[in-house]
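Take a look at the structures below.
Same chain, two partners: subunit A is paired with subunit B first, then with subunit C.
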Partner chain A sequence: MALLKRVYDWIDLRIGAREIVKKELTGYLLPRNINEWYSLGSVLMVIFALQVLTGMLLMVYYVPDAEKAFRSVTFVMNELPYGWLIRLCHAVGSNMMVAVLILHMLSTLMMGSYKSPRELNWVSGFTLFALVQGISLTGYLLPWSQLSFWATTVATNSANAIPVVGPYLVEFLRGGKLVGPPTLGRFFAVHVAVLPVVIAAVIGAHLFLLKRTGISTPPFGSLETKKPWRPDSYSYQHHPGGIPFFPNYALQDLTSICVYFAIFLAVVFFLPNMLFTPDAFVPANAFKTPAHIKPEWYFLANYQTLKIFPSELLGLSIQAAAMTFLALLPFIDRSPERHPLKRPVFLACAIGGILLWIGLSVWGHFS
Partner chain B sequence: MENDGRRKFLGVCLAGATTVAVAAAAYPVLQYLAPRSGAQGADKLVFATTDIPEGEAKFFEYAGAAAVLVKTKSGNIAALSAVCTHLGCIVQWEKDKQDFICPCHGGLYSAEGAVTGGPPPKPLAKIPVSVAEGKITVG
Partner chain C sequence: MIRISAKLRASLFLASLGALLLAALAGPLTAGAAAPASAAATEQPETVCIQCHSALPDKLGAPVNLWRQSIHAENGISCNGCHGGDPKNADDAMNRSRGFLGAPKEADIPAFCGRCHPGVLKDYLASAHGRALGKGGPTCFTCHGNHQVLKASLDLINEKSCTRCHSFERAKTIRAAMQQTEGYIVGIDRRITGFQAIGVDTDRLGKGLFAVRNRFHTLFHDVDVARVRAESAQINTELAKLDRDLKVIEEARAKRKIAGGIAVAFMLLMAALVLLLKKTYD
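Then we have the complex of A and B:
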């Protein structure tokens, strides 16, 4: 311990480590009524780090070649020691990341944390949501199974409905008329080189915005004097008399991370095939479309919407409108009230929207 | 004092649990990355004697490393590691001089693998070889 203290003193003399710790950890005060939902951001950062780590490990053996990709994934799953564990952590983790991200967004919606002055936090978070869906979609193709091949065929084909540029866009996305070896090369590059860097950068921007604006006070059981934000000059939202981030809230972050790991590892060890249909175990065959090909659970509502509307353009437009509405919500819902029970119109729309999304997903699953 | 003792005990428990968790996560990762045993190729390789003309050498992979089978003009057959003992480059057969040269730093070896010049500290490792019924068995 004495040695550690001497090392810490040595570093402190040079970079003022104690000052940083006081400012960013022990002296970083959070609202006293902060709740566990605020820890989902930390959980998401852990998931992202684990995805990067398991992704790097998979890249050691994965071969991004249409002739060899499926065999290399089978090799990782069946022959390498603990290869199944690394791959399942990556596959389950990608689904978990979307699920936790949705929960994080729902808590932000319910607590009105997207409102002024945090519009940019919401927009950067929504951008992350879109990017995570993109990285999941591009990663889905890489095993080169029947499931990944045909799910990508359907997903990329959706762009066809866009007037004028649609057919060119589909060809550009695929690197050819149909999904094939050039698509694998493109999706692999985007999945491992482009999107992780962009996501890391947007996470950085998201955290920067959080630090500059200050963390919001939950609208429930507020112990602080409410001081409405005034749009005339920049001001950081302080929480005098609040709890320190370290150790108090760091412990809550750790608790949430442990709860997440319990759920995540339960799926990895006890329900490993929950996310795989039989088509995931058959190599891609460009001449044989399997029956009942379905996308990942978080795209089921989009899939069902496209099936309901007779015109693909109409289906896509409705989805685009819904996404745009959500992305711009802080600029549409401008009332300062944040308590969900005091926003009946919002609450009715939010619950209705969630039920509609769940309903469409279930319908899509069983259709 | 009682609180200090409890704090220390919890600290030790937390450090122990963290160590176990890190070890539990590191073990599969190390196993996953470790070179695979049994991926070194066959223990024995068989060539027809007609595969190698007199005065020539045949390079092949043996036990996961480069090896060479050489038949001298006098008809002697030797199987050697083709990895130079200096810095690990692969030696080349010089048919006209009937010796091996390492292109990296000019190490020279005889057809039997003995060092005849340059920096190599040791001769090329010998691999067991036998000839019977028109077949050369290496290993």
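Then we have the complex of A and C:
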């Protein structure tokens, strides 16, 4: 202990570590009524870090060449020591990241934390949601299996519905008329070199905004309900008399992370194949179209929306309108009230929207 | 004032983490949807032969329904695969210059089928059945059917079928000698297919089974009881090797599950401990 104290003193002398710890950890006060939902942001950062780590390890053996990609993934899964674990953590983690991100956004919606002056936090979070979907889509093609090949064919084909530029956009995405080796090359580059950097940068911006405005108070306490915090000029939301981030809320973060890992590892070890269809283990064949190729679960609602409208353009336009509405929600919903039960119109719309999304996803699966 | 209790929020939070699992469960829904892909991949567009003969009565229309239940239909082998002709053009569908062969005469049946099954043709011709061709002996159609061609299996050796020409005694002995091997092959095939569907590299095992199965199938047309017994015993030895390799994979996967159980339990224990520690600060 004495040695540790000496090391800490040595560092403190040089960078003022004690001051940083006091400001950012023990002296960083959070609202007393903060709840478990706030820890999902930390869970997401851990997931992202694990995705980066497992992704780097996979890159050591993965070959982004249409002739060798499938074989290299098979090698990782079957012959490389613990390769199966690394690959499954990466594949399951990508699905989990989308699921946790949806929960994080839902909690923000329900607690009204997107409202002024936190519009930019919401917009940056929404951007992250789109980017995570993008990185999942580009990663889906990389194993070069029948499933990934044809799912990418269907996904990229959707862009055809956009008037005038649609066909050019499809060709740009694929690097040719059809999904082929150039598609694999560009998807790989975007997946490993572009999107992770962009996501890390937007996470940085999201955290910067969080630090500048401070943590929002859950709308369930009496103080917040009576007097919502709504500054006229720039102001940091302090929480005098609140609980310190360290150790109090850091332990909540750690609890949530452990619970997440328990669920995540249960899927990795006991139900890994629920994320893979048998087509995921057959090499891509451009001349053999499997029936019933469906996108990942989080794209099923989009997929079904495109199917139920008579024209794909109409389906795409409705989706674009819904996404734009959601992205700009803080600028549309200007009421200061944040308690979900005191916003009946919002609550009805939110629950209706969630049920519609689930309904379309189930329909998309069975259609 | 409307309040949401801390307990309710905590329950909702835990429920949502559980929902993560459900969300991940949506994956297999997709998996289930894509499962029939391989069967559909072999589907062929309807040929003009089928279109025309489906509408014809009796003898001319019956083959279509029989064919639909055959192993040929299952594997995408349509009328033109055996009878020739142009399956896309009604005018040339029965044009001899486009390879149309029509129905073979009885003595030509083995050669007719042997164009695609040369190994089986050789085995058949060498057998007592083949040697009796043209002298009242059976052809391929006798046991396998013509349009409703059945998958080669030991079920084809049965009393009803064999006693049409001779007693069942010797056939019964041969069938009994091959029965165990057949069951062994089917079981190993099922395990390999199961592993393949979950990403295990079964390439080597699949090729090994393919070779053994082919060797086994050469016995199907053999009526020499002693040779069938000896060959079956050797084939069983080969199958035992494949069985051992599969058991190694099964054991490795069982060990993974034990490790996974420990990891999940550890994480839950950690969550409980950290939560208790947090409570001490509340």
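The rule we apply is simple: the second predicted complex is superposed on the first by the 356 of 367 C-alpha atoms of A that agree within 3 Å, B and C clash if a C-alpha of one lies under 4 Å from a C-alpha of the other, contacts with A are read in each partner's own complex, and residues count from 1 in each chain.
Everything that follows uses one rule, which is that contacts are C-beta pairs under 8 Å (C-beta built on N, C-alpha and C of every residue); 3 or more make two chains touch, one makes a residue touch a chain.
This one's a predicted model, so the numbers in the text were calculated from it and none came from an experiment.
Of the two partner chains, subunit C is the only one touched by A:260; subunit B is not. When the shared chain is aligned, no partner comes close enough to touch A:229: not subunit B, not subunit C. When the two complexes are overlaid on their common chain A, residue A:281 makes contact with subunit C while staying clear of subunit B.
Contacts of A:60 after superposition: subunit B is touched, whereas subunit C is not reached.
More residues of subunit A are touched by C (comparison of subunit B with subunit C). In the overlay built on the shared chain, the residue A:297 is in contact with subunit C alone; subunit B does not reach it.
Applying the stated contact rule after C-alpha superposition, one finds that A:361 touches subunit C and leaves subunit B untouched. After overlaying the two complexes on the shared chain, residue contacts for A:82 are found with subunit B alone; subunit C is out of touch. Interface residues of subunit A facing subunit C in the complex, by the touch rule stated above, are 33, 35-37, 74, 77-79, 92, 95-96, 99-100, 102-103, 146-147, 220, 222, 225, 243, 247-248, 251-252, 254-256, 258-263, 265-282, 288-297, 300, 339, 341-342, 361, 365-366. Taken in their complex, subunit B has these residues touching subunit A: 28-29, 31-34, 36. For subunit C in complex with subunit A, the residues that touch the partner chain are 1-4, 6, 9-10, 13-14, 16-21, 23-31, 33-38, 40-41, 43, 196-201, 256-257, 259-261, 263-264, 267-268, 270-271, 274-275, 277-278, 281-282.
On the subunit A side of its complex with subunit B, the touching residues are 57, 60, 80-83, 85-86.
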